[in-house]
Structures are given as structure tokens and as C-alpha cells.
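Lettered A, B and C in written order, each chain numbered from 1.
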Amino acid sequence: MSTAAREFERKAAEKSADLVHRGIVRWNIDQYDTGVGRGKTRFADWEAARQRCHDIKWEAVNHLDKYLLQFEQKVKENGGHVFWAENGEEARQYICEVAKRGGVKKVVKSKSMVSEEIHLAQALEKIGVEVVETDLGEFIVQLRNEPPYHIVTPAMHLNRQQVSKLFHEKLGSQETQDPPELVAIARRWLRKSFFSAEMGISGANFIIADAGMVTITTNEGNGRLSTSVPRIHVALTGIEKVIPRLQDLATLWPTLATAGTGQPITCYNTLMGGARRPGEVDGPEEFHVVLVDNGRSELLADLEQREVLHCIRCGACINACPVFRNIGGHAYGVTYPGPIGSVLEPRLLGLKEYQHLSFASSLCGACTDVCPVHIELHHHLLQNRRNAIHEGTHSAGERLGMKLFRWTMMSSGRFSFFGSLGRTALRMIHGMGLAGTALDPMHPWTKEHAALAIPRESFRDLWRKQNGSR
Amino acid sequence: MAAADNPSRERILGRIRTAVQTLGRHHDGPAGPMFAPVTDPLDRFQKECVANITECTVTANAAASAAAIANVLASLPPGEIFVQDAPELRALVTSFKDGRPLRWSSEGPPNEASQATITLCEALVAQTGSVLVSASNGGRQATVIAPAHIVFAKLEQLVPDLEAVMARIHERGIATKNSYVCLITGSSRTADIEKILIMGAHGPRRLIVVLQTG
Amino acid sequence: MPKVSLFIPCFVDQLNPQVGMDVVCVLRRIGYEVDFREAQTCCGQPAFNTGYWDEARPLAERFVRIFSSAEAVVCPSGSCTTMVQTFYPELLAGTPLHDDAVKLGQRVHEFTQFLVNVAKVTDVGASFPHKVTVHDSCHGLRELHVKREPRELLKNVRGLELVDLPYGEECCGFGGAFSVKYAMISAAMGDTKAGNIEKSGAEYVTAADPSCLLHIDGVLRRKKSKARTIHVASILAQTAAVGGASR
């Protein structure tokens, strides 16, 4: 078992037993479900929306070179810079260089999961740049020195008392039980940074090929301020985020908002296509788009799993997942939690160390049901499991066990015999009052379940009795 | 960026090109219209504004529009207002004497402590009660910086739905002429604390649309 | 008389045989001739779900051969039916038996879907005067779209009062090997499910999947809950003549 796997089991066990935590997540998910239920009624045909989103992403991902090149050309025509980063290291290096050249002392960041994926903040801090998270949820977890709990709602695990105490300790504000006042505290505090930072870093919900623009889907306004006031704007994105046309946003914006939060559309959908043009009142002087590969082109080459790149990071699968509902976002220990993370992270970080995320699922399929772009997430979990076995990462003991299982099941005679033997042995052990104890071979089951009554006869025994043998 | 400065570009592109030589699995299904058509845009726009907490005032003429704007300003604390320097707004602002300090977009970006901004817009969208703005509407900060944002719009700027507004962006070259375009729907908000919806995070707490029909 | 062939999941055969006998009872009652091909063992799902597709494949091929001559195959488990219908084509892709597997998949039916959609029967003359709630087993629900069928059948059971299960479509947490490998998560999910069953006020929780019921039952009894589990087939096997419920 890898270190990451062991850590996951420890955290998952801890959270699984935490009833208070379970209640908080349940409450949050209920709010979400109600909102999304309402939001879907605005659609005449939600399934049509899913299909259209799927078609847009399919077109983009299956012609990724064409659309990325078109995007790059347009951005450059408008005076922007495009950097293609093989991995996190190259992306960090490039951004740090831009910061150094620009004399940047402070960065304001709007939400970017890719920045978490590549651990960008730490790299900037190392070269003496202060990084300020400006999305309220991200700001809160940054103050707590914690990673985001969820890709859309980073601080869903906290209540107002915790936020009040946090602000009091870290910002010196007055404690308050009033959420609008807490938001006002954050607004006053962060405003200072918007107007003193030299660089703003954003993610990109989509990058548009025919317009050469990056778009962010937000509610608070921090994304707009971060990319309007500072002198330099860096947009960080995975290569898979490209879409062919501006027109596609008429489909994607409302669907993403509905699946993400239940809103008809988010408050601000901002399109940025470069530094300020001559004649514009304000805006950054420099515009950089960093296109990050970091394993995505490998996923692209895998025909079975290419569609995982269709993901629009709405978070619907995370909210639908019963495993997430019980262990929460931090237990995963990786950037992307929930089903999308359980499929993606073992591919990005390696099956050897992270396959456990694909195994820690009951394969219920709720994720596949809700995905607005029709990614068959639970099937991909199965494929990751198969690939992990093929890579030879499992113990010889387990492999032998499976061979024995197959050998037994290849013959009804052996199946019957061993079944009968097993039941007899179990009935004997249980008869001695050892059911549920450590000496019970069913102990892995009885750790969490009341002991099973073992029948004396199998179905085939009963059938034969009733109908004679065949 | 010269090829020598970004050697990974060719490597990444190479891998992508090889991969997409074969098309991936496609999920087939009906992809008809997602939304019912908008039948009464003005009515729909107003209803959506109520739902997303945009204050929409429909006026018949310039005089009524000026009065509506003056009314809003009267409800705000004293302080500078920032106005997009456009002929319609010059005319409107001249017709009411508010007395407070005024800064035009031709003078530069708004001051951080502006109490309100007044701008035109590129379009209004009935389906969602949205306002489309661009860098041409006084710049980027003009539509996000102050606690109140007043938009002056004309009825002919109202389009029925998102498909129409994206088409308009394309037809009028809004995204080629401007480095910045934003579709605003309601006032700034967050639900990051206990999922409680709170208005006025970093953007305007109040979004006011004065929509002149005549 | 129309004929069906039974597909009895391996764990039902060994640990929960009464469910199989109840399926036989109901099928005969509605006029079907039932056969049980004793050569059958396991559909291979335990190996498939844990990533051991190379071990699952020969079991799948064996299954396809055993049932290739069957007109209709009925299985009291949504997950095992799904294995054959949904996953055999993928597992046997590129092998000689692939097409046979696809064709067989169309003839394999989950028990409630067989009764309602194939046999076109919704009233099997059953009687079960208790408050019952339905847990929608994941594979059945999401891959086979089993939802309406158990309810239509239960509606016609004399004396049965159907009550809603809060979060009825949420996974119970069994997931096969998951219930042992990630026992604590599985237990938390089971605990949530058990809590909702108690909230529903039902005396019995039923499902079309005996694996879910095994897990839920273990959790309910561990919690010393008053609610009990019973497979849909076992409810339908009850007539006024037979008193009490079997598990």
C-alpha cells in the first residue's frame, strides 16, 4: 500500500465516523440538490443541454490541436502571450519568470484548480511574492492553511462561528455571528490587495478558439477585479479547456451554472482577450495564457478515457457521490476530490500511488447519472482498477486468491464442494459461539455487520430436493 | 514566444496530433433546443431582474430616465460617481444637477472609493435578466468597482436569449474590438459561508438598470 | 407453457438460497416452466469489479455457453443482470463469444423487470400485510432503469403499505469488495441508509438486489434496529396461505 493510500484510509476512517461532519455535508448537499432541482425546471429539455455540452466538448477534445492553435493565434494577434507547459514545473517557472520580470511583489488570485494542481502559490512565495486568494471560500481556507474542500465551494465544511474566529485571529476583525458582516470584513480586507497587487492570476472555465479569449464564470466579482486592476494578468488553464466558438457559451454557461450551483447563470461571465487595447480606459498591460499539459495529452491518447477531458469542472459528480457525502473533500488528499478526482488523479499522479482512489467506490453510478457532459465516470473507475492490476501493482497473494476464485468457479462441482465446505465450517465455528469474533473467518465482514446466519443448504441443494437433479 | 523559448509546445502539439488521428467515443442523443423560446422579452427581462435582484426601472423618455437615475443617486451616501463618457450619458447627467463630484471615463479609471458608476451597455438579455458590458462601457473597473452600478439601456438593446446575445457579440465584433466583455446577471454575491446567499461580495451590491422604451 | 431459465447469483446460492426458491415459486405461480442449469456458478463480477478482468473473462465465456440455448434468463439481482447485459460486451470485446454475449444480454432479465415488462404481470396474487419501503439498488436503477417495476408489483400485494424511503436512490454502501476493503466508508454509507429506513417508519425494507439487502441487514441488526430486510421475490412469494415472512 502506498503512503497516499494509507493516508487516505486513515482520513476516510476518521471522517466516516464523524457524525457532525456527515451532518454538515448532508446539509450542504441538500441545499445544492434543492437548488439544482429548481434550476433544471428552467430547461425545456435538460437532456438536450447535456447532449449539446457533450457535443461541444467532444468536438473540441477530438480536434484539440486545431482549436488550441486557433486560440493561440488569436491571442497573439491581440498582443497576448501563450506558453505551453509540459508539466507543473514548467508552468510554475514561466509564471515566476513573468513575476520577476514584472517586479511583482503581490499576486491576487481568483479561483483556479489548476493552480492547486501545480502548487503554484508555494512557488511564488518561494521567490518572495505574496499570494492572496480572493475567492471568499479560497481566502478562508488559505487563512486556515488548508487545501480547498471542494472545487466549487472550498469552505463548505465550516460554519460562521469558525469563520468569525478565523477572521478575528488572522485579520484582527471583531467577532460576529452575522454572515453579511463576515463578507464585508473579507471585502474590506481583500480590496486593499486588489488595488496594490501587480499581478492577477485567474483560471479559465473555458478558452475560446474563435475569439482568442479566456472566460471565467464567477459570482463574487473578485475574478473581475483581479484581472482588471493589476498590471499583469496570467490565465492558467489545462489544455482541455478549449471550446470551438464563442456561440458555444450560450449552451455551456447556463448548464455549468445549473449543474454547479443550481443558478440559471452565474453573476459574472467574463471574457478576456488580452491586455488593454489602445483607447481602453484601463486593464492590464500584459496578458499571458499558460496552457498546462501535466498528463492530459496522455489521457487524450487513451481512447477509452479520452472523454474524461470533457469535464467542465461543475462539481455535480462530487455532490452526487455517496462516498464524498460520508468522507468529505479533504480525505481524498488530492486536488480534485469525488468521482472526477478518483478517475483523473490516478491517471495524472500514477496508478501505483493513487489507484486506491479508484478502488474506494461502491460503483453506484450516481456520478455518471448527473454529469452534464456524459462522462461515464464509474466505468472509468473500473478501467483504472483493471489497469492497476495489469500494471502488476497488487500483491502476489491477492493475484493467487483471484486465480483460486476463477478455478473454483470454472466448475460447478468445485463451486458446490467448496461452498458446502465453507458453510459447514462456518456453521461449526458459529455454533461454538465464535460468530463475529476474530476467530470467525467472516470477521472482515463482521467488523461492521451483525453476523450472518449461514444456511445449511444451498439453493442447488433445495432445488434438487424439490425438483430432482439435472 | 519564440519556439526556442517554449520547446514543450512542439512536444505537446506532437502528442496531441498523434492522439487525435483516431476519434474518440461519442455519446449519441437528441440535441434539440434546451430552452422554451422567450415570447415577451420585456416582461421576461423584468421578471428575471426581480429573481436575480437587479433593480429594473422602465422609463418612457429621457426625462424620466434622468429622474430615475437622480433618484438612485439620492439614495446613495455622498461621494464621487464615475460615468462612462458617452453622448447619451453626457445629456442625461446634464439634465439633473446632483451636486456630487463626477468623474468621466475620459479622465481615466474610476477611483476606488466611487459610490456609484453609470454606464451604457452592449445589450440586455431577457432570458436571464442579464446585462452585457464591455471595455467600451467606461473600462473594466467601471462595471465592478463601486457599491452601485447603474446601467442606462434602450429597448432596442434587449435581445431574447443567450444564443441571440452571443450572436450579437459576433455580428458587432464586440469581442474583437474589446479586450474585455462581461455578462452581468444580478449583483455580486456569495454563498461560501454556510450556503447563505449574501449580496455584495466584491462587486456592486446594487445593480440598477434604467431601461428607456421611447 | 412458457419457459425461463434461472440465473441464481453465486452468493444467493450459498448464503441466501430462499430468495432463489421464492423466485421459482412466483414464476411457477404465474404459469412459467422454470429450469435451473446446474452448471452455472458465478457471472464473474467479483473479479471484474476488482480489476481482475483476465480472471473474469473465462467465467463470462462459460456463462455465455451455459445459457446460450436459453430463451429467457431471469435473475433476482440487478447487479448480476447488469454484469451480463452491460459489462459482458466490454469484457468480451474482440473475443469469439462477443456477439453471443450481446445477444444473450438481451435475453437476460432482472426479476421484477421480467415480471412486469416481459411476462406482463403486475399482480402475482401475493399477500404481505406490512409497511414496506423500497431501496433502489444502484446497478438496477442506473444501468437497467429498474424503478417502476418493483413498485408496480408491490402495489398489488394485498395488505402491503408502501412508504417512501428518504434518499432512496442513494447507495447503501455494499459495492462488493468495497464493503470489506473500505469497510469504514461502507459502514458509514450503510449507517446513513439504516437511519433513513428507520425514518421511513417501515417494518421492512425491500430491494431487487440481495447483495444490498445482505449489507443493509447486517447494519440494521448491528444497530439493533426494528426494521428487517426482505427481497422483493420473497414478498411476492407470500400468499395469504403462508403466514409470516421468510428472509
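Rule of thumb we're sticking to: a contact is a pair of C-beta atoms (placed from the backbone, for glycine too) under 8 Å apart; a residue touches a chain by one contact, two chains touch by 3 or more.
Please read all numbers here as calculations on a predicted model, not as lab measurements.
The set of chains in contact with subunit A as well as subunit B is empty. Averaging the CA coordinates per chain and comparing them to the mean over all protein CA atoms picks out A as nearest.
Separation between the centroids of subunit A and subunit B, computed from CA atoms only, is 30 Å. Centre-to-centre separation between subunit B and subunit C, using Cα means, comes to 54 Å. Distance between subunit A and subunit C, defined via averaged C-alpha coordinates, is recorded as 32 Å.
Residues of subunit C in contact with two or more other chains: none.
Across the assembly, subunit B contributes no residue in contact with two or more other chains. Those residues of subunit A in touch with two or more other chains do not exist in this structure. Within the complex formed with subunit A, the residues of subunit B that make contact are 1, 6, 8-9, 11-13, 15-20, 22-27, 29-36, 48, 51-52, 105, 108-109, 112, 128, 130, 135-136, 138-142, 144-145, 161-163, 165-167, 169-170, 175-196, 198, 200-204. The part of subunit A that touches subunit C in the complex is made up of residues 9, 12-13, 16-17, 22, 322-323, 325-327, 359-366, 368-369, 379, 382, 384-389, 394, 399, 402-403, 405-406, 408-412, 415, 419, 422-423, 444-450, 452, 454-455, 457-463, 466-467, 469-470. Interface residues of subunit C facing subunit A in the complex, by the touch rule stated above, are 8, 10, 12-18, 20-21, 24, 35-42, 44, 46-56, 58-59, 62, 90, 138-139, 142-143, 169-171, 173-176, 178-190, 192, 214-215, 217-222. Of all the residues in subunit A, the ones that touch subunit B in their complex are 27-28, 31-32, 42-52, 54-55, 58, 61-65, 68-69, 78, 81-86, 90, 134-137, 140, 153-156, 158-160, 163, 179-180, 182-184, 186-187, 190-191, 194-195, 211, 213, 219-222, 224-225, 227-229, 239, 246-247, 249-251, 253-255, 261, 264-277, 280-283, 287, 291, 293, 297-298, 300-301, 303, 306-307, 374.
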